[in-house]
């Protein structure tokens, strides 16, 4: 039984953890979910590291929705840097799923994008745990999470 | 009895620690506050780490008011990066409460915003220690500290 | 027998690992390739570190194609910073091969550039393992991977 | 007897260490100064860490004057990031005193500002060692080092 | 007998290591040079750390010539950050000598500047090892490596 950490925020405007957990449970009965919700994206790195080191999670999905202002971009940069450090300190993957508020044209598209990207990365989590060989087959295919794939160069 | 570290600065133009401590003591009799005041926000990371490692704080609130100039933004970025590192090195949450001088229209609003954001994050501190389940119920609700909540996407 | 880690992504639009492995196997029969494919460039640092620490790779080549938007530049910066940290934590070289989508005029040139840079860095990998003295002879020669060499100053 | 590290540079255009040491010796007979001078601000972090770990300094003041060009701002950012890391790795305060060449209108004001800020931070060093309670009394007072205090919000 | 690490790149357009070694050997018979050449500046940090930890170098000079494009500035920033980290992890000085391609008006001046700055920093290396007291005498003198000294403020 593999343990998957799911970390999300109250700052996000969409229940990303619900989408991620729903997707992962559809794909695999053989997982245990451990969830942690924190205020904002800068709280994600340590929350992920705690799930790995103190709750023995095998992998973590880190979910967040940075705002659209310059200060939000800076926060996202700090959070991402921290998430990479947390991975290096634990030799464990943390898949970051960030949806920036200015990526979509309107709130409806933003909700769609957030759910779509979250579910696609949730599948990546399951594949990293159980079907690592799938990634090699898709290497260089220009895959994207959320919007359409870019596809391989012609 | 949980120990909460409160770190603030002489650079800030509002007594953020007073607001944080007042709010936390109203909410919970079952805490011990350990306070440390430093000159500026770049002194916060090590001060927080010392409270965690040498004073056994279970969580820390880091309070600061970066100025509005580009150099101040850079200082805030460096301080934030350090606060995330301090958390990763201790597996302990440090809630950063920064109010940028250019977030408000005037000094009166800035004072209001600073007190409001500080008190709301002080509640987060208490909830992280004693009511962690509250965050999960508010996940994805678009909560903000200070100004009005953004709310969940429709 | 030296072990070489090859880490690539499904985000890339070209099968960089294929080019790298092909080039290295042409150059040296005396190597063992261990490959790992991850979703995106921010997943590279920990994947490289795992290959070094858990699969005993002697060196790693990290392959990625950042997009052309500002957010992609930021991701590339975070990934690069993580790759340098991974090296410092393992005392092992990780050669980063990034081809930015806006480096080429069109998709055909982008494919050419990606293959060319990947193959040239694959040769660097083999030389770092078996012919370290070659680099000293080329020191200060203005070598580039992909486009033409800049050459030494006159 | 407390040991204070003083680290300065040959790049600076003002003898900041002289001002810092003079101020500290006026304030306290009970200190031992250990000084280290390095070429530039990017050499400060390791010099400070060496004073803490190999010379047992209880605190360090890091003195520098970044130039006014964009590349100088980047150097200052790298140095500041390193100084924060050095603190986190040693649980010891390093007070950074940087005076940017473009902070003053002319060279005369720059010299005045550099001496003033250095002396005010030298007092902070002594207070951090011997009168930590002073900071709490000044918390949120909008103190500045060099130019006039901003003061508390009305 | 002190050991000095010299790390340079094939990316640079000038044989910086030759200039550095020549200068250091003129100044001191009492040194042993250990040289390592890598492809680019982002490979410098781990190469320096390896020389310190596995070849017992007492100090290292890191030589590079970043290009003039924005992406090159970002690479230089990442390399510099890594060099500072490598120093903090080893308590050993690494003197960074970077000459940016856009610092000079033309290729002739660029070659002159590169040699000049490299030789001046090579002297710093020797002085850091054998004549540390020289730096203190030059503290705050506005020294520069390459172009003319800025000099102390009047």
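So that you can tell them apart, the chains are marked A, B, C, D and E in the order they are listed, and the count of residues begins at 1 in each.
The criterion applied here is as follows: a residue touches a chain if its C-beta (ideal position, glycine included) is under 8 Å from a C-beta of that chain, and two chains touch if they have at least 3 such contacts.
These figures come from a predicted structure and were not determined experimentally.
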| item | value |
| --- | --- |
| Partner chains that subunit A and subunit E have in common | C |
| Centre distance in Å when subunit B and subunit C are each reduced to the mean of their C-alpha atoms | 41 |
| Separation of mean Cα positions, subunit C and subunit A [Å, integer] | 25 |
| Per-residue overlap in subunit E, given as positions that touch at least 2 other chains | 81, 85 |
| Starting from subunit A, with subunit C taken as the next chain, the full ring order | A, C, E, D, B |
| Footprint of subunit B on subunit A - complex, ascending | 8-18, 35-39, 42-43, 45-47, 49-50, 53-54, 71, 74-75, 78-79, 81-82, 85-86, 89, 107-108, 110-111, 114 |
| Touch list for subunit B against partner subunit A, complex | 73, 76-77, 80-81, 83-85, 87-88, 91-96, 100, 121, 124, 128, 132, 135-136, 138-145, 150-154 |
